[in-house]
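Shared between the two complexes below is chain A, which has chain B as its partner in the first and chain C in the second.
This part shows the complex of A and B:
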């Protein structure tokens, strides 16, 4: 009899080849530039120096290092302000030049994905207005929110394929006195974190090797226009998006797998709006409890506003029912900043998170009582009117 | 002046049949095949038995090859491919590359029979874990094991107690962009299910499907025997993901008949991967400038009434290069292409 090994390869020996030619859609870069040649719009180039990463089908995506314009998210600023602060803090530590803009509107993605939307032209106009605002500064837009990121990519697809939509949006922008300009790439902040992960590791001051983490990838990151998400052969054999996992590995965190990795965090747009209990049970029972049972992580790391909020802030309800929950949740920018020595409260602002993260911080070697006192002292200065806001120097003090 | 020969590219079932038909009619064919042997994908992938009659695939391909090997009307060029072409019907000038050597030949007409490739389940449906779990395999992998009479779990070499097929992997999927039905996988999965039950009577076999598509006689030849004689369980509802649970696999999906989610442990999960145009088909379409359809198969222009004429006069296509096809379809369209190619050459015979 032929031995079974000779007949069939093991998963690790199977040859997976990524071929850009076989992506389900045409390469949008070519079309962006063709349309630019035809005078349809301007394309804002990714500024040098950039890092080239590979997307799902092996196409290249340019991630700028510097000169970035940070498109934030409504949910993030309200629920997890430390998420963007951490991104800026990392930029500063790496000596990168960036802009924290004030000329930005909310994207309209929440309404869009909750089926409460206006029309395609209105939505595309909001996206293009924000891109124009970035281009005016000559800084390159980086999108913090997975929802905006997914929505902007869908909008790009619509604009590429509909001359009529382009005409409508161009007219709207003209009235706003804005240029019709589209960025060469739509970049999510976690792609930037991924691209600079080795530099983050070089600046690491805290040992993370005793930490075990699970990863939740945002659906809007890797399931919408999937051909534009970053994949790396080194990470899950290019079978799952490399974002977050690659960063955690670079800073020495052990990443543990669990069986509901592909599942949504529970947010689901309509659910969070009209059936919030469903979101809560999904987040805790399908994600957090499964992680606990199968991987027992110290922390779970994600990269989207909705995911951090839903996974973190749903746990209190489950806790009240004595369920097996209690996993701190944070974004990849927060844990990366922490590894580089950022203050857990002044920079990461972990006091905004509702699941107890002290045991995790203590495991990283942080004296949480002391850190809290430092934070309170800083807040005192604001209360007394001695200072109006905290500065970066305060954050590092 | 004798007619120019007809160039056939691809030595699979379609190309072999086209060459035979041309030779039988007393015309000359040049057959270019990039592998070192004839037989196409059934040979390369090592299919065991063929639908619908369980005929030995190796034997069947060898029989087709024997009809054209040593045939004075067929000039076989193995290990070769076409790299450039110019000219038009009646006189194409084609460059054939064989290793380092390249030669130019003239042909009156061209038949592209460069076939298909199996959908790669790691490219899109990553949730099925083909590149992560040893015991997730494809229809093609299972063919090899059936051929060797050694169906075992790749993870531990033991025979499976429960094995399932997931249909339409990479086909009928708007998300992926392959909206078409690959036509053969329902029949092949049912055929393999029967063979598994024959070889391992204690193994429970399940097929998860959207709807089973059996062509013509396959209904009676394979589908009913699979259920009635071999007790294969057909479950309507597509599987969404494959997970690892202990040393087994857990499939998760929806049973649409019962209207509820399901989770079932399995020892082997077989992905019924469908067909996509082969790299050769895409290359040749570019070299000859023939139109491809939105799935990149070669477009034929005659609708139902002419399945082999392409957008370039004198260039024909047949078999799985034009879209998903079983052997019957492939061989029939090959004969049609041979006939049309000869007609084209005769019509454009240069005046003496």
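This part shows the complex of A and C:
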């Protein structure tokens, strides 16, 4: 029989150390560079200055600070545009140089996971076409979407292991007049936010210390090619990915835990479009209600299009069933921008979100009526024809 | 509805046909990376969101494929794989399988071969496939219509009523669009069409949705012709 003290006492002499050798896949960096030497492709280097962070098994990952090419996300830009707007706004406030390209398509992975009307070669060609477009500008790609990020890493893995796929994609790119070039790292925007979190905190103008948040890590961020996601011993002892939580801590937000953190949001790719009863039930019963009961957060913060959409939009119908819902949902870029003084509507564009976020904003000290009037006044100018678009200067006015 | 695994449902389909489809799954370049065997431990099921709401099990899929149970794989390929959420929570498998990844391949084979289940699963989905393949962005602001999202609340109506002006109220220039998520250059789109052409994706669409294929073919061929390419999707 095991003595009960052995079960309840803490292991004193054990220390958790990460060993890159134990990662389930070989270090892809070496292979990328070997293949470059063999003339298979070019590797686009991470531009300096960069921040070095550690991934799940202790490998190093370089996160560029600037000179970044923003690979946007179809869902963010279509449904929750304040997500991308906030990323750009933070870049501008930090004085960083970036490109918001028009020579970019969706990664097409949403469609691929939902409908299967694509194949490995097409998916890889789309990815590499986008990467070639970034390389042409000499700016380094930063991937806004969790699914694009996970999918591109899968694609990289397939390209590394299949000379035949490389040949196919190389031929396609040749026909398009494009270089076969792969970035040295595939970087998600929330890794960038994480890497600049101390700078964000230096520019902080709003006190967030009265805010309690829960975190939902996106499946395609930390479950697909998990060994390439960022982990930090300071955050959950490196037992969970560090992004979002690290950022929230840096801006003084209290992060509260809940038991279903590993569960997906219920997005399901095809489900959110054609089987929304599944998405709604999962998002509210397995995520929002559990967060409410166990942590009662003012806001839940995530870093992927599908997660914000599903967690946020699913709450409306659940109210009709008297479910215990009502947690506003935001991205880490939005909450970081808010901490730096961004306008809740002109920058964060929170009117595109569904769940009532006013109590949260008011807790941060924002006069929501006044802020909305300011946005309406800006919109009035667009309606009257006095101005065609809202500019970055208007957003800060 | 309960999943019928008795094998009776598809008894009329020949073993050879089922085997042919299974061989297509096995021939995929990703297959070897996604399946190493199965301990039957159920860890994937515990992590799987779809297993909570449907009669669905990633373990059954991994086992059937690992045991090469041709009849069972055929049944699952028809009646089960579309329930998967493609979240890859099952990637925590101690045997290093990716049941979600195996399902991706099975779905592709189902589409490529125009299985009735794939056609049914994609019904009502053509609009989305059309959007991504013809515009280069998947989710466009103009999809936010109350008729499409009645359960998302009255704010969807507010967005659709204000769509044009709220899009113009976005500071980044690339986002002043309503029919696409962001502004996509013509040249970029042409390159995307060429990719669909060169990788046989249009043939896959043709198998599952002839009508959608014809609409896409028209749009793409015209644009490609204007850009000086002589490409036919036939």
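Keep this in mind: the second predicted complex is superposed on the first by the 379 of 397 C-alpha atoms of A that agree within 3 Å, B and C clash if a C-alpha of one lies under 4 Å from a C-alpha of the other, contacts with A are read in each partner's own complex, and residues count from 1 in each chain.
Heads up, the rule we're going with is that a contact is a pair of C-beta atoms (placed from the backbone, for glycine too) under 8 Å apart; a residue touches a chain by one contact, two chains touch by 3 or more.
In this text the structure is predicted, and so the values were computed from the model without any measurement.
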Partner chain(s) touched by A:21 [first = chain B, second = chain C, both, neither]: first
Which of chain B and chain C A:57 touches, first, second, both or neither: first
Residue contacts on chain A - larger count, chain B or chain C: C
Contacts of A:125 with chain B and chain C, given as first, second, both or neither: second
Which superposed partner A:334 touches (first chain B, second chain C, both, neither): neither
Touched partner set for A:239, first chain B, second chain C, both or neither: first
Touching partner for A:262 - first (chain B), second (chain C), both, neither: both
Residues of chain A contacting chain B in one complex and chain C in the other: 24, 262
Chain A-touching residues of chain C, taken from the complex the two chains share: 28-30, 33, 47, 49-50, 52-54, 82, 85-89, 91-92, 96, 104, 107-108, 110-111, 118, 121-122, 124-125, 128-129, 132-133, 136-141, 143-144, 149, 151-153, 155, 158-159, 162, 165-176, 181-185, 187-189, 191-192, 194-196, 198-201, 204-205, 208
Contacting residues of chain A [partner chain C, same complex]: 24, 72-79, 81, 84-85, 88-89, 100-106, 108, 110-122, 125-126, 129, 133, 150, 157-158, 161-162, 164-165, 168, 171-172, 175-176, 178, 219-220, 223-224, 226, 262-264, 266-271, 273-274, 276, 278, 280-282, 286, 305, 313, 316-317, 346-347, 349, 351-352, 354, 375, 378-379, 382-383, 388-392, 394-395
Parts of chain A lying in touch with chain B, wherever the complex brings them together: 1-2, 4-5, 7-11, 14, 16-18, 21-22, 24-25, 57, 236-240, 259, 262
Residues of chain B defined as touching chain A within the complex: 120, 122-124, 126-127, 129-134, 136-137, 141, 144-145, 148-150, 152, 154-155, 157, 176-178, 241, 243-245, 250, 276, 282
